[in-house]
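Residue numbering begins at 1 within each chain, and the chains themselves are lettered A, B, C, D, E, F, G and H in the order written.
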Amino acid sequence: MEQWDIRHLLQRVADGSVSIDEALLRIKTEPFAELGYAKPDYHRGIRQGIAEVIYGQGKTAEQIIGIINALQAHGQQTVLITRLDTEKAEAVNKEIPLTYHEMGRIGIAGKMPEERKGKIIVATGGTSDMPVAEEAALTAEVLGNNVVRLYDVGVAGIHRLLSHTEEIMSARAIIAIAGMEGALASVIGGLADCPVIAVPTSVGYGAAFGGLAALLSMLNSCASGVSVVNIDNGFGAAYQASMINQMGEK
Amino acid sequence: MEQWDIRHLLQRVADGSVSIDEALLRIKTEPFAELGYAKPDYHRGIRQGIAEVIYGQGKTAEQIIGIINALQAHGQQTVLITRLDTEKAEAVNKEIPLTYHEMGRIGIAGKMPEERKGKIIVATGGTSDMPVAEEAALTAEVLGNNVVRLYDVGVAGIHRLLSHTEEIMSARAIIAIAGMEGALASVIGGLADCPVIAVPTSVGYGAAFGGLAALLSMLNSCASGVSVVNIDNGFGAAYQASMINQMGEK
Amino acid sequence: MEQWDIRHLLQRVADGSVSIDEALLRIKTEPFAELGYAKPDYHRGIRQGIAEVIYGQGKTAEQIIGIINALQAHGQQTVLITRLDTEKAEAVNKEIPLTYHEMGRIGIAGKMPEERKGKIIVATGGTSDMPVAEEAALTAEVLGNNVVRLYDVGVAGIHRLLSHTEEIMSARAIIAIAGMEGALASVIGGLADCPVIAVPTSVGYGAAFGGLAALLSMLNSCASGVSVVNIDNGFGAAYQASMINQMGEK
Amino acid sequence: MEQWDIRHLLQRVADGSVSIDEALLRIKTEPFAELGYAKPDYHRGIRQGIAEVIYGQGKTAEQIIGIINALQAHGQQTVLITRLDTEKAEAVNKEIPLTYHEMGRIGIAGKMPEERKGKIIVATGGTSDMPVAEEAALTAEVLGNNVVRLYDVGVAGIHRLLSHTEEIMSARAIIAIAGMEGALASVIGGLADCPVIAVPTSVGYGAAFGGLAALLSMLNSCASGVSVVNIDNGFGAAYQASMINQMGEK
Amino acid sequence: MEQWDIRHLLQRVADGSVSIDEALLRIKTEPFAELGYAKPDYHRGIRQGIAEVIYGQGKTAEQIIGIINALQAHGQQTVLITRLDTEKAEAVNKEIPLTYHEMGRIGIAGKMPEERKGKIIVATGGTSDMPVAEEAALTAEVLGNNVVRLYDVGVAGIHRLLSHTEEIMSARAIIAIAGMEGALASVIGGLADCPVIAVPTSVGYGAAFGGLAALLSMLNSCASGVSVVNIDNGFGAAYQASMINQMGEK
Amino acid sequence: MEQWDIRHLLQRVADGSVSIDEALLRIKTEPFAELGYAKPDYHRGIRQGIAEVIYGQGKTAEQIIGIINALQAHGQQTVLITRLDTEKAEAVNKEIPLTYHEMGRIGIAGKMPEERKGKIIVATGGTSDMPVAEEAALTAEVLGNNVVRLYDVGVAGIHRLLSHTEEIMSARAIIAIAGMEGALASVIGGLADCPVIAVPTSVGYGAAFGGLAALLSMLNSCASGVSVVNIDNGFGAAYQASMINQMGEK
Amino acid sequence: MEQWDIRHLLQRVADGSVSIDEALLRIKTEPFAELGYAKPDYHRGIRQGIAEVIYGQGKTAEQIIGIINALQAHGQQTVLITRLDTEKAEAVNKEIPLTYHEMGRIGIAGKMPEERKGKIIVATGGTSDMPVAEEAALTAEVLGNNVVRLYDVGVAGIHRLLSHTEEIMSARAIIAIAGMEGALASVIGGLADCPVIAVPTSVGYGAAFGGLAALLSMLNSCASGVSVVNIDNGFGAAYQASMINQMGEK
Amino acid sequence: MEQWDIRHLLQRVADGSVSIDEALLRIKTEPFAELGYAKPDYHRGIRQGIAEVIYGQGKTAEQIIGIINALQAHGQQTVLITRLDTEKAEAVNKEIPLTYHEMGRIGIAGKMPEERKGKIIVATGGTSDMPVAEEAALTAEVLGNNVVRLYDVGVAGIHRLLSHTEEIMSARAIIAIAGMEGALASVIGGLADCPVIAVPTSVGYGAAFGGLAALLSMLNSCASGVSVVNIDNGFGAAYQASMINQMGEK
């Protein structure tokens, strides 16, 4: 309920074309569906420019189906479901056609955007970081961005990364994904002239402490222009990278 | 030493206008000053679009003066020094004229940029977060951005924040600064349609654990479009916010 | 064994109607059952106004049956068993009729209270917090309170919560349940004029660290009137909320 | 801005006694002062029943004076300032008459409430917990509650606590304050029939880790009816205890 | 190889009854078996008064059999195997007759000591602590001590514990076992006049952090005379309690 | 108030030599002084065999004087004050004659015990552990034990420790004090046949984390017969070691 | 691409035997294979003297086969695969002959080195540390070193270790592997005159916290000449020990 | 006391040239000084090839003087004192001539070694790491090694490090010192063919947690051949690097 709406409503109350009770009702109307177990947000597209996304983990297939139906009934063309395991994807697919990407645990209901803009690089330190990277890359593609994947360019063989310097220099946003010591973000941060979103992964063992080492490393990056999202949060990084990548286009 | 330079150099070697030894020398020339205690980076402006910044903490006044001199001699017009305490600022000021902002612990040698672009909001949860906020705001201004300060809009009195919804909706980047439970980032993240850079602060006591509570809170933000920098890292947030704010201008 | 009992007993010793040995025995009599593996507390109802509850986890079905029998034999009408998994519930049910709520892992032996008082709100940040919320809501109902459920009102879509402001303003106690960054407690705490019991949940991933992020966030709430119970402790929150809700009735 | 206000305003817009622009202005009017560095909340008294309190730490004496002036100008009779050190208290006192309690670091501007209700017990494990206890006790008194202090009743000499069982049984809310192992909360929680707010303190050394041991201990209390606030947060405990103590009086 | 042995050996070298090479060999002889995967210690009985015990976890059934055989061949009458799961116990039992206690995960090869001395109390906070308690109680019995079990005497119902005050006052060593907030150790420590060995258990959830809360609580005990062993280490507590209990007998 | 007292009192009530009110009063009489800020425990000597000790930290000199006076007035001959800094010691000394040991921060009011029994070894890993060691050694001496000091016998030069094997073998209790990696406890634990009380110290830097490394190390000791007290808790170790050392004498 | 190669290439560009485009191409040629999911490093042998090793965890059997093929095609004679579970080893073995060591989870494709040099000791605290020890020992053997295994020489029976003093004194590098309190590294560090690489293992329970206790203990070793690798990182220790052992041979 | 000594001693006992008591005495003679507060180790030079070093922190000037005197009296030519602050250095210098290096907090009594061997690189991420670097560099020089200092070569400007590739390729051991994210160790580890000893420093703020971030990062290095010492432990790194650097020379 934005301010211009209130002004407009007040004008109609003033000229009698809307009754007080009706006005009160409209102000009270919830801009979201009430499903009991969930309240999908219809206004997010207006508020944030990107429509509601479903976080699949901790929801039943039935709940996911219910939310997709509510969003599609409300006019949302593409619904992205993240953290969707194979079993639930199959259950959902029986009700609603779904494109499912197993490695990235991503389901997509509806059609992909036809046009893709700009350039987002998704880089990983190692092969084991690929599930997080695919979550990020697919999300970015669903949100209408061109994506370049640079996998296994960790800093222990720095020449593998440096051979892509030109690619890095021409990106509009970079997602740097790494587990273990997470040094990739700092090195890329020092090479790039665009924002770098760092994603620590839970890849590693022992003192990696489930991604804590990479997280702390990335938060302490000595390179400027690096910010960090939660461990394994490929989606969150892609969401912000998409916002950044599409800024120049507005 | 970028690739187009190598191509150019190779051409000149091929046509004999540059000797092999000279070419080798150029390839070897370090793009940074060698001061012994520091190696200020002359290429950062080229590589990252923003010139070298000096992190004042842990450096002596003499070292800071040496680095400023090296950067100015190399043509850098504005030198930003962060985490500069009053005592060192006075010592530096005797050698090099300096504008000093005590609350944000920021020193500026040289002139401020004349033109400022776009709009970055710097919001804080409370009055005590102001030192970090001023570090961020001043950095953003030095980097040529318009800055709007929204201080003390913490979520315990949510109407204080909501009264600025319009301001928030029109920003190009937002820096959300909060200690204690750090909930500000999530609420702003849910309202804004631009990237939000969250800065946890060490403000608080007890189980705030020097900013850890706010840091974890922000990393786990349920709002999309939020990324996080280190505790109290106002500079880092401003640096990335500036990159984002100026994207549309390129 | 309260003080007035001692006085009464002393009078009867003084007038000879009770022998010394008998008096000594009564003072020594344990106000709890001795089952070897457990000592169910018969006096809790007197001491605390709420009868003994069985924490099901880490107890075998046999032990649970034994304790229910002891409590019922001692006159307790309703026995609440928390953290009871489906398998154990079925095993218990073969011996003692049990109403079982799977999502909240709650078993109830005996009849529900007929009258319910006041109003406790159980609010959650997301759909995934529902198991904890149901543990809280069912416990509160067993203890004789009216419960209003507000699920999925997390702060990333603050209007979903604000649309219930009136409900929140009229509650006598609120249980705010959230995982991830746990900001819900602070926002509700700023809106409500009754005590808020915050329950961090283990919902989340990565730097949520099994509920630690939400726990620290809630402990550092900048809103006044918020206290916190253990991660996932829906029962504990409901127990205290019930005490509070029923205070005015005494 | 509550709903009945909107309804009233709409009626006046409908009958022409208020113009659209004026209505819009009123809706937009911030229910808080704008001091730049702070936004004291004038509505808290309406919303939460307890007027705005100033957290003194991290604010300058000038800022504190400014906020007291704004609140008093807005009609608030008693202003409580917590975490106020001696030096700042003296500086404030030069401008605004202040009653200052050094041990509890509490300043009070304006007059104390004449009537006190109910009974809140403030209990501590040891002598060293007194600063936190006094913060709690004084806050509770400012908020209009009768307070009983039970200091140094730690569980290592359980008879000291048990000698006060009758007192404990008759309280309407109990604040249990302890550092080190924090066991006091559990033992009181098992004796009392009213809500217990536990306050871990940073008293202790070594593996007390600044109050972490007591905090974890209290969160894991095996007694029902215990909730916890932040380490050393005497104010927060008193605020909630006051809400609870005064419930029956409404 | 103790000093008196060296003196004796030197005398025999001096009088020629032992050759230099033989003396050297004896000094070099290892007072333990060399099994490749393990080096069971034959001298522990001499050095510490209690014979070698086998920690079953992380060893294969074959390795355990090998070590039992080596110890028995060397004359050890009773071999205690701790942390022995049911499957391995059955596998060992096929080779070597074994008494197996499932709850305490304890296997005993050979005969139990006929005489038991003194009195060790094994007390637990709750029913769920019984596996650790049985590990302690059985170990203490194997080592020749009288054991009194006091289970489910947690501090939330302090009268359950106080009803055993006389028992506690007459013990020679007490093992206090508790998870969650671990307050049992402090309360017993305040009542008893003998050493209390506290064992935190991993029982609990959420902020119990696998026993960390109880561990910290016990380390910070405000009662004197309390020391602590590792989480769930019933064996270690019993071992030391046995040493203490048998001191007066020496 | 022990059970035999109750029996005796009941007899006197029965024969009329004690009135009901008087009996009730006696039962209610607190076995501790009520100083407001503290409740020194007069019964500890009876209950635990060792009289009340004052923990000096966090108490003012006035409070300490008050408690000493109360204890001495009640007949306690020797009062031990731990964690007493030089300044407070001097302030106390003006009122009550005090023997003060600066390194161990120990004050002693009254006379030392004339007879000392048994043998307690106080061993340290390094020279820097001496303040904790002296707190332990002096406490043990005040409690009437013979003490042998073995300082700087850390495991990096294992021969320094092994040269004292005979001494170690003849002790009745050993206090093993070490910072850094705390390995001393394990090595001594493997050599000794008496209980070892391990005291981690906050000596060290970096990943010593204020004694955490030594604490964890000691809790995980692979040697049997080792228990642990809080970081730097020399007093606590000595208290328990004294209990153990004097067991055989009872 | 080393400097001498650039000089040589420049000479050939200068004399026209290599064209500019060809030179540019060579400079750009990546010294690694591009498999999409991985970028095996062909230059590591040249750069570091030890050829590329495959970390098996988190890679599929197909990916491992692909990388082995790429490395063998590029001339690498022996390919070591670490953290390879039995199932994957069998799958790989169907395509490429593999020697598989189950305890150490090590696979070896190609032939073992014929000559072994020097002497590396691999010592463990207990039997349960053997999987890590075998990973280290086998890695060291693949890299061409003589290995002496000393298993179960933990410090609780120090004579077991001391009986190998001569062996320890003659090693060129020692790998000290221990879980629990990790004291082995300090004791060996004090005995040896060669570098000691300490490997904490995740063996233990409770406050071992998955190897954290041993890790902190080893980092704080009071012995000089000890450095540490990640928890359970037998490979990493062996890699560095091999570098050290073979230094004298260069 | 090595084995060949025992053989020799036994021969002399056999031929009567040494009496039994004298032999016993020799075996018992402690190879260290007994200063009460310290036991300096005379055998370390024999055992480890490097003479005893004094860790200055936590020792008084008097104790340091005492230990230097004991070592010099025993023939040690160069005594290194680490962590020696300016004040103590001056106090020591009054008794014993001392060369003092303030930045590295290193004192040297006696003469420096005349010959230096091999090549150790000491590299730092930033200027603020210099105190730790100088501790390392000076220690390495005292131990007779050639040292090359590469300061401020952090990974955010990777070309600064790469310009020294040749230097790095020719080192025999490298000490990589960095705070913040500690990525330097991994990048150097990927470039070098010699062992890399990583030293995390406490430089940084916020989530650097006093060096913890760098420590975890370095322990999780994806580069092989990297091991780690304690935070700020420049001495420890230099000690091991010296051992490695001098291996080929033996």
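Just so we're on the same page, a residue touches a chain if its C-beta (ideal position, glycine included) is under 8 Å from a C-beta of that chain, and two chains touch if they have at least 3 such contacts.
Computed from a predicted model, the values in this text were never measured in an experiment.
Novice: Tell me which chains count as touching both chain A and chain D.
Specialist: Of all the chains present, those in contact with both chain A and chain D are B, C.
Novice: Among the remaining chains, which ones contact both chain A and chain F?
Specialist: C, D, G, H
Novice: Any idea what the CA-fit rotation angle from chain D to chain E is, to the nearest 5 degrees?
Specialist: Between chain D and chain E, the superposition angle is 180 degrees.
Novice: Same or different interface residues for chain A and chain G, judged by whether over half of the residue numbers are used by both?
Specialist: Both copies touch with mostly different residues.
Novice: Compare the CA centroid of chain G with every other chain's and tell me the farthest one.
Specialist: D
Novice: Average the CA atoms of each chain to get its centre, and name the chain whose centre is farthest from that of chain E.
Specialist: B
Novice: Count the touching C-beta pairs: is D-F or A-B ahead?
Specialist: A-B is joined by more C-beta pairs in contact.
Novice: Mind checking the centre-to-centre distance between chain F and chain G? Centres are C-alpha means, answer in whole Å.
Specialist: Averaging C-alpha atoms per chain gives centres 49 Å apart.
Novice: Which whole number of Å gives the spacing of the CA centres of chain C and chain F?
Specialist: 40
Novice: From the mean C-alpha coordinate of chain G to that of chain H, what's the distance rounded to whole Å?
Specialist: That gives a centre separation of 25 Å.
Novice: Could you list the positions in chain D whose residues touch two or more of the other chains?
Specialist: Residues 3, 28, 126, 157, 190-191, 206-208, 212, 215, 219-220, 224, 230-231 of chain D each touch two or more of the other chains.
Novice: By the document's touch rule, what are all the touching chain pairs in this structure?
Specialist: Every pair of chains meeting the touch criterion: A-B, A-C, A-D, A-G, A-H, B-C, B-D, B-G, B-H, C-D, C-E, C-F, D-E, D-F, E-F, E-G, E-H, F-G, F-H, G-H.
Novice: Applying the document's contact rule, which stretches of chain C touch chain E when the two form their complex?
Specialist: Going through chain C, the ones touching chain E are 1, 28, 30-32, 36-39, 41, 43-44, 55, 57-59, 63, 200, 202, 210-212, 215, 230-233.
Novice: Provide the residue numbers of chain C that touch chain D in the complex, in ascending order.
Specialist: 2-3, 47-50, 53, 165-166, 169, 172, 190-195, 197, 215, 219-220, 224-231, 235-237, 239-240, 243-244, 247-248, 250
Novice: Mind listing the chain E positions that touch chain H in their complex?
Specialist: 3, 6-7, 10-11, 13-14, 16, 20, 23-24, 27-28
Novice: Which residues, counting only chain D, touch chain E once they are in their complex?
Specialist: Touching chain E: residues 125-126, 154-158, 162, 179-183, 186-187, 189-191, 204, 206-209, 212-214, 216-224 of chain D.
Novice: State the interface residues of chain F toward chain H in the complex, per the touch definition above.
Specialist: Per the touch definition, chain F meets chain H at residues 126-128, 130, 151-153, 157, 159-160, 163, 203, 205-208.
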